[in-house]
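Quick heads-up: structures coming right below.
Consider the two complexes below, in which subunit A is the common component and subunit B and subunit C are the respective partners.
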Partner chain A sequence: MAPSFEFEGKQVPIAQGDTIASALYRAGVRTFTRSLKLHRRRGLYCLTGDCPNCLVSVDGVPGTRSCTTPADAGMVVEREDGWPSTDHDLMRLTEAAHPLMPVGFYYKTFIHPRFAWPVAEKIIRKVTGLGRLPEDRAPDIRPTRHVRADVLVVGAGVAGLAAAGAAAERGERVLICDEGEIGEKVAPGPTQDRIRGLADEVRGFAAVTVLERHTAVGMYDGPMVALDGPRELVQVHPGRVVVATGAVEYHGVFKGNDVPGVWQARGAARLAGVHGLLPGARAVAVIAGEEGAPHVATLTDAGVEIAAVVAALDHADVMPDGVRFIPDGRIVRTHGGEAVRAVTIETEAGRQRIACDALILSLGLSPRDDLLRMGPEDPVVGAGDVVMPGCSLDEAVESGHRAGSGEADTSVDAAASHDAACPSMGDAGTVCLCEDVSVEDLHRAWDEGYRSSEIVKRYTTATMGPCQGAMCGLHLACFAKERSGGSRKAGARTTSRPPARPVSLEALAGAVHEVIEKRTALHDRHLAAGARLDWSGSWKRPFNYGDWRSEYLAVRERVSLMDVGTLGKMLIGGRDAGSLVDRVFPTRIEDLAPGRSRYLLALGEAGYVFDDGLVCALDDGRYYLTSTSGGADGMERWLREWADRWALHANIVNQTPMLGAIVVAGPHARDLLASLSDDALDPVSFPYMAHREIAVAGVPCRAIRVGFVGELAYELHHPRSRGVELWDALMAAGTPYDIRPHGLDALELLRLEKGHVYLAQDTMPDDTPAKLGMEWAVAMDKPDFVGKVALERMAQIPLERKLVGLRIGDANAAGDANRNGHRGDAIHDVAALRGMPLYAGEALVGRITSCERSDVLGYGVGLGWLRTDGDGEVPTALRAGDVAVSVVPAPFYDPKGARLRA
Partner chain B sequence: MLELGAFEAAVVGVFASPDAVAAVHAGPWSVCRVAPDEAMVVAEADDGEQMLGALEAAVGAADPDGIVLETTDGWSACTLSGDASRDAFSYLSELELPDEGFVQGAVADVPVRVIVEQDVLYLFVPAMWGAYLRDRIMTDCAHLGVREVETVEAEVVR
Partner chain C sequence: MALKVPCPNCGPRSYTEFSFGGELRELGVTDIEDDFRRVYLPENPAGSQEERWYHELGCRRWFTLSRDTVTNRIEA
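Let's turn to the complex of A and B:
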């Protein structure tokens, strides 16, 4: 049984070498698409993958070029536009209304009344567009690979193959790619023979890699060239690039130039010569270049009756015998609304109408130079038709050799590209096939004041469709040049940007990996304990283990563990280590004795707080420094930058990956550690803010007595590989205390009760220590530190806002704020107030940044910003919605710190 | 063939003046110069202590301010081995692999240090990304038939 694919409910047989387009054409399909706006019929035209006329959906993937995609058995192919069908499209009526909707009409209409635009938008989206993304299919994420090469050659035609061979002969590693199979687009003949011969030579080089069906979609910095291949995206990182993408035939612009039956000559010849199909029974050919005559011969040989050939007089002697020759004529228009029925040709003798069902256009060549224009001149060069459109085979070989040998004169080549000859353009017809932009539209845009190719492009959307200007880019530039009186600036080619060829989003998505997860060594322990893990910066951390309130109570009443292996951890050594820490941070370091630690703020040069942490002085003159979980890399960079700037002898080691850290917190924290350690832990030997090297359950730890949660607590910094062992030992030894771990949800309330700030959640990028109420952490009497000058200057200016402690749901709050008579103990969902604006009377004065209900205190606690009155004072009686809020000093819990110093 | 294996090694970090780091010569271990003032030195897991002592002595003499630190815990190490290992690597990174030697840079979008031998790549990634990197290798190289194998006792990497 012959292979076939499904096309709109029917099976279409596949012949040897068929593309989807050729198989459909053989099956009688003539209308492949409808034009974007006017829904005019569109049939096969270029067969080189350059025009938008043959785009279909294949297996749900819209925008597939059927003329270059091989037909495979089992495919499901559908046409993309038209209602109720592409063949019978009622949307065709839009063309009748076109005079009422000239180019740019949507910029001018639906502005008033405003409700009209959403309605119009829906209609426009229904009428226009290309296919639909499948909603019921998971993306087919393709692998992405990187390839290095000395030379990348894009395009395996005559010039490209010659370039690859020349580079390989020099001993360079060469990658040559082509969007099809080598030679497949070219009809049998001398060119195809030359290509096949060169391809055999190139394949003989061991250093040459050939990637067929890999389309170069864009050139990026590096250079890096992205190739869209079958089920893969290849990112090529070449030393240099030879662009040999050839040329595309000039798009003919005249009345009726877009109906089915109008062909570019290469497409018609390929259809006949490669696929054995006739573009029509009786054709008129219009020829302006040297390659036209061979195409006419191919068609004649295939059995097409050539009704006439229109060409310059000097072509007469290369015409096949018996063909009617019309010298020096030009095409005026086609006849036939749905397909070509006849054409009108104009000569000096007048106009004549010739009956035919196909019009073959060989009008000259436009360089297919998108990639060339995307890349820098060095090391990207062109070869062959892309820099010398219409060059002979020998010239193409020579050009390829020069480019492959690194001898191409890029400046000359680039200039040739920019100064390509202008195609002729009639006074009617479709210029941009993708976007349905006509000659009239361009003139209208110009007359409305859009006076350069770039601006006309934006106004009309010409060149902005799937073909990215392959058909009309040169026409647009030439139009602007002509209308501007020859201005090279106004008539410049529009900027070329990726993608040069249509590429699916899923192909590009293969290179994107957004979920890059950092895990602590205890990740599996948290999962086993039923933790809800979620993102905290780039880390996955436990937010709770099922019941955060009970976790909170374990800290306040018994003992609890928390995994803080995410904290940034730096070791700073060298003879200038102390100097570096002292000069970078506003914290006083000179009196920090070995074995002691101190809170530190990190300030930028503008005096703004960007991180905080702890600094521990070590016995050997080194310093151990912690930072927030998200701040480790930034802190390392910051320290290195200042060490370099001041030329200090200091070595900085980011120990974050190699050390874990576990907080043991709660009234029984010391008891728990004592059961696993022989080291002295009593408050005299190991006081608050001290740090010691101790062994816990045999695991060496740097224990730091800190109190972020407001209870007796130890941070145990330990080798990451011993983390699980330490965690398990602590959990087992904590059984008598009903120990349980706590997550970030419990921590939120624990730290709020102590009035501790979460950077980023409670702060803004321009917060100074004064705004945060943390002047105590800044030693302004130090000779210098980063940000000191800025702080001195800002001290002259009254604070415009302050971060303050908030008591939420306070029945004793002053004024009438408590409108609904809420009592503090009646407001349980305090957390829902986070972010709420704060009012003093009717005046908006600030907002809540963090808040939660405290069961221990019996009311809600929070932090928030308040605007000052100019003298630094803030209002104290507030409301958030209907809830009374009052400003109180933090910390709320254990304000004298007796518990954490226990 | 393509195999992803775990790899146990001892790793020492040398953070010192460029001259002192340059003076660290390969003994029975592999020296990877990751920055002018930093080297990563890798040896078989059992040789870690000996290596640490030797490096402390060598660096201490050249730069008393230098830091020599065992950093084994900071790394998650794995091997990609087999004749498809280099092909597999191209799906993970744009780094160009030498025939043999050391490269560093983004692999699967995270910072990785790679010691390259003919058919084996030794990958060292900061430990917090260890699980992620293994997942990415198994996913991105699935079409190459990658399979996980037991922990391998790596031969000395030089």
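Let's turn to the complex of A and C:
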């Protein structure tokens, strides 16, 4: 049985070399699409992948160009537009209603009454649109591959192949790509012969890679060119680029220019010459360039009756014998409405109507220069038709050689493109096939005051469809130039941006960088303990181990572990280490004795807090810094920036990946460590905010006594490779204390009870230490630090807002349960108030950034922003919804810090 | 547009390996108003500018170079 594919419930046979379009055409399909707004019939036109007329859905993928997609057995092909079908489209009626959908109707219609818009939008969405996204299909996300090459040649036509050959001869690594198979778009003849010959030569070079069916969709900084291939997206990073994408035939604009039966000559010749199919039985050809005559000959050979050829007089001698020749004529219109039945040609002698079923247009060439115009700088050059539309084969080869050998400096010349020949445009007809924009629409837009190509484009949406202006970009520029009286600015080609060709979301999705999941050394231990792990920046961290309130109690009442291996960890050495730390941070460093640590705030040059951490002075003059988990790379970058700018001798080692860290916290933390260590841990030898090198269960640790959770606590920084060993030893030795690890959920309440701020959760990008109530962490009397002058400036301006401690569910307001205090507070769902606005009376004065119910305190604790009055004062009696909130000084829990200093 | 960034350690590399540090800013400014202009009012020229680059996905070195913001041509 002959191979076939399914088309709207029927089987369509596939012949050798068929594209989807040629197979459908052979099966009798003439209407391939319906136009966007007016639902006019559209048939095959360019057959080079440039126009939007043949877009179909293939295996659920909408917007597939059927004229360049090979037909494969078993495909499921459907047309996309029209209701109930593309052939019988009841929405065709909308043309009668054209005045209701005028140019710019998006901006004009349904603005009033406002409530009508959602309804109108739904109807318009149904009437317009190109295809439907499949809903029941898993995305086929394609992998991205990166390729380097000395030279990338885009387009394997005559010029491109010549360029690839010339570059390869110089010993360069060449990648040449084409959106089809080499030579397939060209009808048999001298051009195709030349292409085949050059392709054989190019394939002979070992240093040349040929990528067929890879479409260059865009040029990006680098330069990087993205190629959309059948099962991959290729990002090419070339040393230089030769754009040899050729040219597309001028789109003919006249009344009835878009009905099935109007063909670009290349398309008609390809249909006849490659697929053996006739564009019509009887054709009229309109020719304005040298390329037309061979196409007419191809059609004649295939058996098409040429009713007449309309061309300039000097074409007479190249016309095949016996063809009726109409010199110096002009196409006025087609007749037939749904298909070509006749055309009207105008000459000096008057108008004549000629019966025919096909109109063949060879009107000249417009460079397919989107890519070239995306990358106008060195090292991107054009070759062949894209810079010299209509050049001869020899000129194309010559141009390719120059570009390939690096001699051409002819990147597209902006001035030249302004002066490019303009295609003629009648006073009626469809200019933009994709968006159904007519000549009249352009004039209407101009008359409404849109006076340049760029804004006419935006207003009418001309050039904004799937073909991205391949058909009408030049027409639009020429229109604007003419109406503006020749202004280069008004009539400039609109800016070219990726994608140059339609590209699927699946291809783009594959280009997203791989998601990096960072794991600490204890990852498997957390999983085994039943942890719920989730994203925290690029890390996966335990949020809880099943019951965060019991984890919380372990910290407050006994002892608990937390994996903080994610903390940023920097070691700073070199003779200027102290100077660097002192000058970068607002923290006082000079009196920080070896063995002591201090809270560290990091300010940007604008005086805004961007990170915090801890600084430890080591015995040998070096410093050890910690930063937030998400801030490690930024902290390293910041330190290196200032070391470089001040030319300081400081060596910075980011130890984040090589060190693990475990917090041991709770009233029994010291007892637990003492059972595993011989080192002195008593509060005199190892007080709060000190750090010591100790061995715990034989693992060397830098132990830092800190107090983020408000209890006696040690951070044990240790070699990552020994993390599991240390964790297991601590867990085992903690059995008598009913030890259990705690996750981020428990930490949230622990730190809130202490009023500790989470940067980025409680803060905003423009927070100064003053807004956060952290002036104590800034030594303004230091000679200098990054951000100091900015803080001095802002000290002269009243504070606009303050971060404050919040008591949520006030005992006096929340009902009987609270009268006598604490446990059993009526406000149970405090966490639901996160992010809620805060009111003082009826005035909106702030917002809650974090909050949680505290069973120990008997009320909700939180942090939040409040707007200040002119004197820097904030209101104290607040509400969030109907819950009473009051401002209280943090910390709420153990305000004097007796527990963490124990 | 072409954008290969010349790292003093590693030679010309794709810009995607670097993070951009913005315009080179003056050091040692102590006047409040001058500092405000320095921090908040960058020149943002259409043309040549001195700027900072950090080879984050490479040797992690900072350096200053001069680039034309219109053409991406790197001058030094």
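The rule we apply is simple: the second predicted complex is superposed on the first by the 843 of 902 C-alpha atoms of A that agree within 3 Å, B and C clash if a C-alpha of one lies under 4 Å from a C-alpha of the other, contacts with A are read in each partner's own complex, and residues count from 1 in each chain.
Note that in this section contacts are C-beta pairs under 8 Å (C-beta built on N, C-alpha and C of every residue); 3 or more make two chains touch, one makes a residue touch a chain.
Everything numeric in this text was worked out from a predicted model, so none of it was measured.
Q: Quick check on the superposed pair: does A:Arg793 touch subunit B, subunit C, both, or neither? Answer first, second, both or neither.
A: A:Arg793 sits against subunit C, while subunit B stays out of touch.
Q: When the two structures are overlaid on chain A, which partner does A:Ser550 contact: first (subunit B), second (subunit C), both, or neither?
A: neither
Q: Does the superposition put A:Gly573 against subunit B (first), subunit C (second), both, or neither?
A: First partner only, subunit B.
Q: For A:His237, select first, second, both or neither according to whether it touches subunit B, subunit C, the two together, or no partner.
A: both
Q: Given the touch rule stated above, what does A:Glu641 touch, subunit B (first), subunit C (second), both, or neither?
A: Second partner only, subunit C.
Q: Once the shared chain is lined up, is A:Pro143 touching subunit B (first), subunit C (second), both, or neither of them?
A: Only subunit B; A:Pro143 stays clear of subunit C.
Q: Does subunit B (first) or subunit C (second) touch A:Asn651, or do both, or does neither?
A: So A:Asn651 only meets subunit B here.
Q: If you stack the two complexes on chain A, which partner ends up touching A:His523: first (subunit B), second (subunit C), both, or neither?
A: Only subunit B is touched by A:His523; subunit C is not.
Q: Now for A:Pro719: first (subunit B), second (subunit C), both, or neither, which partner does it touch?
A: First partner only.
Q: Between subunit B and subunit C, pick out the one touching the greater number of residues of subunit A.
A: Greater contact footprint in residues on subunit A: B.
Q: Residues of subunit A that sit at the subunit B interface in one complex and at the subunit C interface in the other, please.
A: Touching subunit B in the first complex and subunit C in the second, residues 224, 237 of subunit A appear in both lists.
Q: Write out the stretch or stretches of subunit B touching subunit A in their complex.
A: 13, 15-17, 37, 64-67, 69, 71-75, 87, 90-91, 93-96, 108-110, 126-132, 136, 140, 143
Q: Would you mind writing out the residues of subunit A in touch with subunit C in their complex?
A: Residues 221-224, 237, 375-380, 605-606, 633, 636-637, 640-641, 644-646, 789-790, 792-793, 796 of subunit A touch subunit C in their complex.
Q: Which subunit C residues qualify as touching subunit A in the complex?
A: So the residues of subunit C touching subunit A come out as 1-4, 14-16, 19, 21, 25, 27, 29-33, 35-36, 38-40, 52, 54, 56, 60-63, 71-73.
Q: Tell me, which parts of subunit A touch subunit B in their complex?
A: 143-148, 224, 235, 237, 513, 516-521, 523, 539, 571, 573-576, 622, 649-653, 655-659, 719-721
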